[in-house]
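The letters A, B and C name the chains in turn, as written, and every chain counts its residues from 1.
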Amino acid sequence: MDLSIVLQFFISGVNLGCIYAALGLGFFIIYSVTRVLNLAQGEFVMLGGMLTVTFYSMGVPILLSTLVAVVIAGLLGGVLYRGVIHPARNLSKATQTFLTVGFAFAIEGIALLIWGWEYRSLPNFLGTPNIHLGGATIIGQTPWVTGITLLVVTGLFFFFGHTIQGKALRACADNPLGAKTIGISVERMSLYAFILAGTLGGIAGAIITPLTMVSYSIGFPMTIKGLLAAFVGGITRAEGVILGGMVLGMAEAIAASLIPSGYHSIFALIILMAVFLCQPRGLLSSPGKT
Amino acid sequence: MKRIAILLLVFIIAIGGTVSCASPSAEKSYKIGALTSQTGKYSGLGLQTLEGIQVIVEDINEKGGINGIPLELVPCDDKSSTTGVTLGAKKLIEVEKVDVILHGSTTALAQSTMPVADEGKTPAILLSGTALFDDQLGKWCFRPMGSEEDYVISFFQYLNEDLGITRVAALLENSGFGQGFEFFMPGIASKYNIEVVMTQHFDPTATDLTLQMTDIKNSNAQALVIWGSGPAGALAVKQARDMGINSPITASFAQGSPDMVKAFGAYYEMSPSLIVPASKTDIWQELPEDDSDKAMCQDFASLFLEKSDPPHPANFYNVLGAQMMLFVVDSLKRAQPDPTNVEKARSELRDALESTENLNLLTAVYTLSPEDHYGSVMQKIMLITFKDGGKILVPR
Amino acid sequence: MLQVNDIYASYGLAPVLQGVSLYVNRGEIVVITGPHGSGKSTALRAICGILAIARGEVLFAGHQIQGLPIEKTVGRGMAYVDENRLVFPSMSVMDNLILGTYSRRGKEKRNRTAQNSKSVFQLFPVLEERKKQAAGTLSGGEKQMLMIARALMSNPELLLLDCPSMGLAPLLVSKVMNVILKLKGQGMGVLLVEQDIPAALDIADRGYVIERGRVVSEIDSRELSTGG
């Protein structure tokens, strides 16, 4: 195999892996604190992209557009918790999960009304040029995607590992009653989790738009990709979700280069089956917990 | 109470009715069921097609209907899903009692219309990009859309005869749309003395095509043919240029849709600028005066500009939608069925559709027969390219 | 400092507390005991706010706290240790302890955390040895110590302990009881629910016996010191 192909394979794989990991982490945060699968997670990605495009086309600088879009996506995460999940907190987790689907439909409908069906795109952030390496090419936005994802992941690990609020979030995931008995409000932490997940989704949406384009309807496919990353890696651990994202990204790159295209979906299925047969709770399942 | 109200609201939005059809009612009218993707991933296609249908219906009604009988449009959303198509078609036939169904979405969904139309003995016109299932249309379905064969011909003819190219790489969508193109490609390539040195594929949802592009770049192809039905095809054009592939690229009409042009215009205009097929309506100003279609295309272009809301020039799918409707209008005029007897009207309309002969419409001339529901179609494919923010006819 | 007046509570439709009154003074160890299922643990849960009270009042440091959820009551200087060892298994012993200060964050500064952890490590040296270990890997006795230590991290004035000796070896039980005595010496009030009556009565100042959700008898300090 040609060297440039191998190089391109890694560039593509890492780039896709970062995107999937970023999508999966939103699920991880909400699920670990509330045990709800937020099936509206992809809608935050869509909003992050759409809002960034909207502000940017109004003349706002790209990084500021991104920031504002991300803040709005985060706030909507809070709205999802306060307006939908919190009122239904005494219902079953399955019902709450179903309610997130309702929220997703609502967001999608509103987005269609506001923006129409057209796809939109953004230029590479700050006009970053493409980098040619031998026969391979790094598209100018890729370093932004990888860099910002790394930054976000580092930030998350610092937050969860070294701040009292981050630890309190983990405590709620570990043992909600235990958390309550030391004065942690699980409801407030759930709100934070939704805001954080909305923010993460918004960031992912903004940074991938120059690569993938965005329309009102991309939310659900994004949800599916994020869910896969989360489940392949193990939704109970952040490291697992990141690994899952990377595995999926690499798998997609392999599929695109080596597997005849008619077998792409079968290939994805085989990976999933292999993971779930060997490690039913994901590649990195939580130790000592069921 | 407030919480329950919020919950209920969310549920209602969530469920939203599996199929939502608008149903105004007027007694003596021809009911046209427009089953298109209004939401979901094919909504771009579906909404544009619907817009084209609406413009013609409105125009006909303003001119007094067909022999004095108005048209009544019943739009219905198939939600970009096969279940949506089946449910929607059933509802249009059994509840709305439409005389004909126009289905406007993607190929995979068009196929789901066929069994329902057959069972309900209702004529259906399908919009679909592939000729691969033309032999399965049955008694009640029509696909007067031409074949992708004609597009392959237009590409290869141009690449070889105008540019002198003999080696081509193909990047095709992994779908019925791409399969149809691939089916016709080898035969036509050899006819035009072209060797397809590499065929790569991409999924309709793909976002990263750099790997395929690396292979293509490493091949000795002199030109690249991209055939996709959605945004991935346009991304392919962008990424080809990002990767430094500077050879001529021809792509499908979907890559020429207005939102893609808006998003990637800069890439489309990079020299050599992207080439896509279009209808004569797209570039009617550039048609020579002696072109017999010029007046028809100009009339439609100005009609569409006047009636569309917000006003915009007709694009490819607008034209296809309008054309489906014009196709039905022609048969209604000839058959003059009695709208109060739905079953009889459906059957008479079907017979009329089947006997369409030399009908000159915006993108082709149609002649159908009982054995041939896709029609021996003479397509009028124009190749256009992009310059200074607009579309121009490819200089030949 | 804690005054409980005639509280009623139920699990669903089944009444469990039917008029419980008790009090705890500063620097006093009070034990609640009674047969299995009599409602003694429930009383503790009702006082700290895990379980809602249907009737009656709970006064803590002069303020009514009934109706407040537990995450609010613990911020007022009350700490509660459940009979189930509610440690955070995936987190380190140190992180568990740090989270013990959560209800007092903002009020007390970071050096307070260091100071508090130093004093709990004096009480439970084994926790210092294991401070980097995941709490899920501790033995049952160590988990129990961690639970008490974590509660102490918030500098409580009143400690509610539910069966701290349950499932522990006799040697460990006396260790835990010693710690409780030391806390009393620091002026803390302790309300203790205990099955292991001899061990509890050894250190208690007063006691209540609860049967079928009612206080059936009150044992005062004189009886305890003489009767044993």
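FYI, a residue touches a chain if its C-beta (ideal position, glycine included) is under 8 Å from a C-beta of that chain, and two chains touch if they have at least 3 such contacts.
Fair warning: this is a prediction, and the values are worked out from it, not measured in the lab.
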Item to check | Graph class of chain-chain contacts, one of line, ring, star, complete, other | outcome: line
Item to check | Chain with minimal offset from the mean of all protein Cα atoms | outcome: A
Item to check | Of A-B and A-C, pair with higher C-beta contact tally | outcome: A-B
Item to check | Inter-chain centre distance, chain B versus chain C - centres from mean C-alpha coordinates, in Å | outcome: 73
Checklist outcome for this item: Cα centroid separation, chain A vs chain C, in Å, comes to 42
Checklist entry - What whole-number Å value describes the gap between the mean CA coordinates of chain A and chain B? => result 34
Item to check | Shared-contact residues (touching 2 or more other chains) in chain C | outcome: none
Checklist entry - Considering the complex alone, what residue numbers of chain A touch chain B? => result 2, 4-5, 8-9, 11-12, 15-16, 19, 83-84, 87-88, 98-99, 101-103, 105-106, 108-109, 112, 117-121, 130, 132, 135-137, 139-140, 208, 211-213, 215, 217, 221, 252-253, 256-257, 260-262, 264
Next on the checklist: Applying the document's contact rule, which stretches of chain B touch chain A when the two form their complex?
Outcome noted: 3, 6-7, 10-11, 13-14, 16, 39-41, 43-44, 47, 174, 201-203, 205-215, 217-218, 231, 234-235, 239, 242-244, 258-260, 262-264
Next on the checklist: Please output the residues of chain A touching chain C within their complex, sorted ascending.
Outcome noted: 164, 167-168, 170-171, 174-175, 177-186, 286-289
Item to check | Residues of chain C defined as touching chain A within the complex | outcome: 48, 50, 69-72, 74-75, 79-82, 84, 86-91, 95, 98-105, 134, 136-137, 150-151, 154
